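Given below, in the form of structure tokens, are the structures.
Two complexes, one shared chain (chain A), two partners (chain B, chain C).
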Partner chain A sequence: MEVNEQLIKAITKAVVEQLQRGGAQPTTTSSSGPQSLAGKTRMRPKRSYEGAVRAKQGTDPKEVVIGVGAAFQTEITKTIGGIPLDEVLRNVKAGIEEEGMVSRVVKVLDTSDVGFMALQAAKLSGSGIGIGIQSKGTTVIHQKDLYPLTNLELFPQAPLMDLETYRKIGRNAAKYVKGEKVTPIECTNDPMVRAKFQVKAALMHIIETEQLDPDKGMIVWEGAK
Partner chain B sequence: MKRSKRIEALDQRAVNKDGFIDEWPEMGFVAMSSPYDPKPSIIVENGVITELDGKKRADFDFLDQFIADYAIRIDRAEASMAIPSLEIARKIVDIQTSRKEILEIVSGITPAKMVEVINYLNVVEMMMGMQKMRARKVPGNQAHITNLKDDPVQIAADAAEGALRGFSEEETTMGVARYAPFSAMALLIGSQVGRPGVLTQCSAEEATELELGIRGLTTYAETLSVYGTEKVFIDGDDTPYSKAFLNSAYASRGLKVRFTSGAGSEVLMGSSERKSMLYLECRCLYVTKGAGSQGIQNGSVSCIGVAAGVPAGIREVMGENLVAALLGLECASSNDQSFSNSDMRRTARTMLQFMPGTDFIFSGYAAEPNYDNMFAGSNFDAEDFDDYNVMQRDMQVDGGLRPVTEEDVIRVRREAGKAVQAVFKYLGLTEVTDEQVEAVTYAHGSKDTLKRDVASDLMAADDMMKRGITGIDVVKALAESGYTKLAESILNMLKQRVIGDYMHTAAILDENFQVMSGVNTPNDYMGPGTGYRVTGKRWEEIKAIPHRIDVNEF
Partner chain C sequence: MKLIAGVDIGNSTTEVCIGAVGENGYFRFLSSASRMTTGTKGTLPNVLGIKAALEEAMDRIHQPLSALDLVRLNEAAPVIGDTAMETITETIITESSMIGHNPSTPAGAGEAVGELLFLENIWKGKPGVPYIVAAASKFSYEEVAARLNQHIPELDVRGLILQADEAVLVENRLSKKMPIVDEVRHISRVPEGKLAAIEVALPGTSIRMLSNPYGIATLLGLNAEETKSVTPIAKSLVGKRSAVVIRTPHGNIRENILPAGEIVFHGEKEANVNIDAGADKIMETLASAGEIRDIDGERDTNVGNMLRRIKTSMADVAKEHEGDSEIRITDILAVDTLAPVEIAGSLAGETCMEKAVGIAAMVKTQHLPMQKIAERLEQELHVKAVVAGVEAVMASLGAMTTPGTKLPLAILDMGGGSTDAAVLQPDGSVKTTHQAGAGELVSMLIQTELGLHSRTTAEQIKKYPMGKVESLFHMRLENGSMQFFEESIDPRYYGHVVLLAPGEMLKVEEDIPMEKILEVRRDAKRKVFVRNALRALEIVAPDHDLRKIPNVVLVGGSAEDFEIPEMLMEVLADYRIVCGRGNIRGVEGPRNAVATGLLLSYLG
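And then the complex of A and B:
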């Protein structure tokens, strides 16, 4: 895959503009001195998952389970790169279906670690193949009998992702279900990604983690209502 | 508002693309000291620590318990804790006080006390402390050897060149995790072409990494991660006890190991318990010591974007490096992850470890262009080699590297590529063509190399593991393909795990496979005229940078 640099630049620009408009990145220190955050204990209010339906163990051997993060489509609606999560999910599902397999979406409320999210999705999946997607966009394809911290494919640099890659992730996951010889999606790498995005990634992960509801486990997810 | 052209120009500077955030202790965005950090205290009853930093034994989490039981010398605790933190801080800087005396005092203090001590030191004092407390007399350096294609031929060539340039250790990792067996093997072969005695490791999922080590495809391990809060430990499916167990699994096979930790990981994983980064890192380092590891890779490492985002974050990074040295651990002091868009800022950050010298100043330095660095970019890369060499020469500082000639670079790259080609052929793995070796020989990075058949490589790599291929098979393949000297070098590396000397603190090997560690070559710095000085043959080597004016030809 060619990295579409123009798209990345356009998205980055859009995100930066948005952040500046929203005042999230003050350009002067006078308006927000040290300690201005003291006493603040959360990023977002806790959402209730009262009445949510626990996701069932799958039996369909053609199924790929997609496990999304606790803040997915609720507290967070776009990836760290600015891609709407509705579109992310639509493309992953489309990729799975293009290969003739079936997708099922669950929200993972007992962990925000993408490796464990993906592994849990894989264990729930009738085929044993699952995908974990954090709300910031980090994605893993996992298989139920692998060690938690290994994977079939890992996409650690969320800011570099585009919709075509999410579609390919769906396709490759489906190909693993079919037992085909799969060529992994080519890696992308931006050596400055940490400098530009790591603080934002930490904040997004806090938003995700504070929405966890471990007693609820994995729930059926059909998007925000 | 009408905009100032000056401010507009400044807004465009690279440093303003970096991420900065105010201190927010509730979420752990605080470097040196949080209002929620505990106050130092210790109570010892019947030879057991019953209170640690304000917490009773009944309230200990598993880190407290592990630290209390294994990481603090109980016979020293009361005496050490009675010494004011300011006095300990002053002793660290005082050239009349020996490293040994400080190790003795520090062995009895608690993590919260350590935080107090470090908070008394400014960055220059920390550097003075590191100059004295570093374990090994001569500083060292480590390289990252990776590429975007996970091409084993390029790994071997970059490893050979890196070894030639002076790195004592080389670390690889993969974009596609299943490439690990090929990456480890190519790194092992390439490193010994560049300079016999270079240690190699493959950063992978822990069970895979252990298996590669046991098989002799790597010669040390580094990525045993520890964390400063119980929650993050559990999220990683681990405890201090499981890490200690993994550590001893490596030790049982005679492999050198160090742990990994660093500021910001707990923040990034959303479970900092409102503590400062320095306090949490002190807990990590005490766990590392308690688990019996000889050393640590620390200095925020992959979470440097978070640490560098808060005030005094870079001071904290140097502070935690110093804590490692104070605990008697080998310190591989990070500098291994890009964190700033500004060349000025990234260089300044590295000076804190470069000037005093650490056991490994980088852990590691990208010995390929950063676009190929699969640790998501190092703080310095292959394009900075000459800048780095000039800085060594300017300041007469040993940063662990040396200038090389183009002829030597081409020669070792080709030989490494050829050797990998021969081993792949002998072991019946995927084909390495002459064209590939040629492209890699002259390449700067993976943009200059040929495409490999990834799906076939992965099947062959799986097969290699299933067939039980080990380091000895690599030795045999090389010997029977005519690479006798190289085969001997790799055999010598495998012998190290039988000898075991390189498991001592801060051990590296010279080109004759002789160990230089904190035990047989300890740091003996005690002020001017003592310790390691850049002189003699090494200084001549550092002086000989390329691009000097040849006066005779002028």
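And then the complex of A and C:
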């Protein structure tokens, strides 16, 4: 079966129709422009980050900064594959700790693009290595001197990832800090994932993007209170 | 004007050279090319490779293949090389009694002794007894730490063995410092209730107690007899960062000496030598046997099977001979080596460096079916093809075109399968010899000693210098200097040892330090080429005296290597011999000597 634009459009249409028929709250989909958003109901209420502490530039050479998405652990609590985000974060941190390095979590409120999230986290990190995790689970390991789109490692197929993979991502990031040889992480690959999860991914991304607050930049994040 | 091609079929490469002869005898070299040899040297499948090489060479001078007037093939030396490797010792663990491995991140430091206790049975532990706790991966690091912390006040827990890679995570959460070894894959095989000793070394050092038989005796309270039996354990733990040794009443580790067998030399004298005696002894015996007719191995032993395998693989060449189907090995080169072998019955997939011997054998046949190759070539190309000239003579002629040489001239032709030497005297007489062992044996030694999965990687390690990518913008080269980059190196190479092939970097996938690769690479080259060069030159030298050879020209594929010529130069300098990499026709480097010689001999 071929995955093309028409097919994705057809699936999108079917899903949206079903959502509306089922009496779900009216949503805006990715197909509508930003202008038409005005006045319409948001997908989730805007969370206020009033009083949040801006994350500082790190100086510890053992540090890996994990930059999580704007909706991480707040509006969204599970990845697109259904793994609780608390567990995801715990495993990434455990992977870093096992290699003897230190982790620090920040929430990125300027962007929801995972490449840029990871790069910003890397720039904040004392070691120059950072990890970006979107709330839907997509993850990137980045280094501060690289171009945004040439990262160290990218894990694009979030629905197929498990906790073991997140542990290994933490481990690999720590190994980059130590300058050790990094073994690529085995990932499963499924060409149908894109078709199956396109709509869900788009909706989750919109929820995340809605929560952006560029004035706040990156803030210290210790989980939802 | 006539276009003539010289073709040299070697064990691994086929080289061609094209020249033009004018009416007045005026002669000029036009182009050359080299290709992989297709099939075993001296068999009909070679024709494919020859055609490809000829096409490439003719392409360079923008001429069709049909423009050729004559193809001259060398009378290839009827020797074919092959290599094999066999381990001669084997370590077997009966009942699990040791774990010695290198998890990348053990935790804590020091040594500890105690009775083994599984985490699920920790409530059974008695106060006052020292314990070493083993935890399976079904317990998360938080659970392991919580349970231990709960029991530590009343139990004497000295050390910890984990199945998961979580030693540091558990250590950070424990209320008491202790050595922790993790990544023990088969933890269910750990015998509960037995006495165990555990040791973790500080970063950058290796264990001291458990890699020493007396250290194990001290920790586990062994008597002299038992200490003797743990020596193989201590041996296999040398250089590890962490280890566990468990005392089982009946279990032991044996170093089995495999029935390696004897090599039998049929020469002027009959001689035999046990392969356990090591490479030096084997080579000594070989020399004492005089001229060799055939070499055999004892039946149903490792070496016997090995030599038979070599002979069988040569069978296809033999089939093309009329009336001579017998394959005889006329020379071998034995080299001592070590091979990492997974220990039978191990708990964490540990390996042990076992003694092994690598052998290159050379098979001499009566006559290679070169005439048949020439006929086939003539049919396919519609160009006259003749077999002309003996390989060694042609190589000498070709080597003479190197600037700065004079007669008498010795050549050392270091190819893939064999190392050949010849001395060309001013009166035109030539003395030649063929020795087993060359580039392919070096590749095999590198592959086995480093435990590489692919031969290709081993060949690349042999061919190219290395560097380690230390950051995205700099690399440390094997000679210690640094190289910086303006643009970032591809992140895929980060932290890897890379081989600096022309125009690209090749990753070494295996996690082996650069220093180790360097040592193994140089050692393998020295073991094979230095030994073979001396051996071969001694045979062809007048009165077998190396000092009577004034100059040696290195030719063949292995002479192109970036360090072998220097190694030989160092050794031969002791004999006051001028030795260096050939430069055929002043342009070709050490390649193409035979093909060039074939053209020169046409002129007479």
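Please note the rule applied: the second predicted complex is superposed on the first by the 183 of 225 C-alpha atoms of A that agree within 3 Å, B and C clash if a C-alpha of one lies under 4 Å from a C-alpha of the other, contacts with A are read in each partner's own complex, and residues count from 1 in each chain.
Keep this in mind: contacts are C-beta pairs under 8 Å (C-beta built on N, C-alpha and C of every residue); 3 or more make two chains touch, one makes a residue touch a chain.
Note that this is a predicted model, so its numbers are computed, not measured.
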item: Touching partner for A:G223 - first (chain B), second (chain C), both, neither; value: neither
item: Partner chain in contact with A:G100 - chain B first, chain C second, else both or neither; value: second
item: Partner chain(s) touched by A:K200 [first = chain B, second = chain C, both, neither]; value: first
item: Touching partner for A:E208 - first (chain B), second (chain C), both, neither; value: first
item: Partner chain in contact with A:S112 - chain B first, chain C second, else both or neither; value: first
item: Which superposed partner A:Q143 touches (first chain B, second chain C, both, neither); value: second
item: First, second, both or neither for A:N151, with chain B first and chain C second; value: both
item: Which superposed partner A:Y176 touches (first chain B, second chain C, both, neither); value: second
item: Chain A residues contacted in one complex by chain B, in the other by chain C; value: 150-151, 153, 181-183
item: In the complex with chain B, residue positions of chain A that touch it; value: 27, 32-41, 111-113, 116, 147-151, 153-154, 156-157, 181-184, 187, 189-203, 205-206, 208-210
item: Complex interface listing, chain B residues touching chain A; value: 11, 17-27, 29, 148, 150, 175-177, 204-208, 235-237, 264, 267-271, 302-306, 309, 311, 337-341, 366, 370-374, 376-378, 381, 454-455, 458-459
item: Of all residues in chain C, those that touch chain A in their complex; value: 104-105, 141, 165-169, 172, 470-473, 488, 491, 494-497, 511
item: Chain C-touching residues of chain A, taken from the complex the two chains share; value: 94, 97-100, 143, 145-146, 150-153, 171, 175-176, 179-183
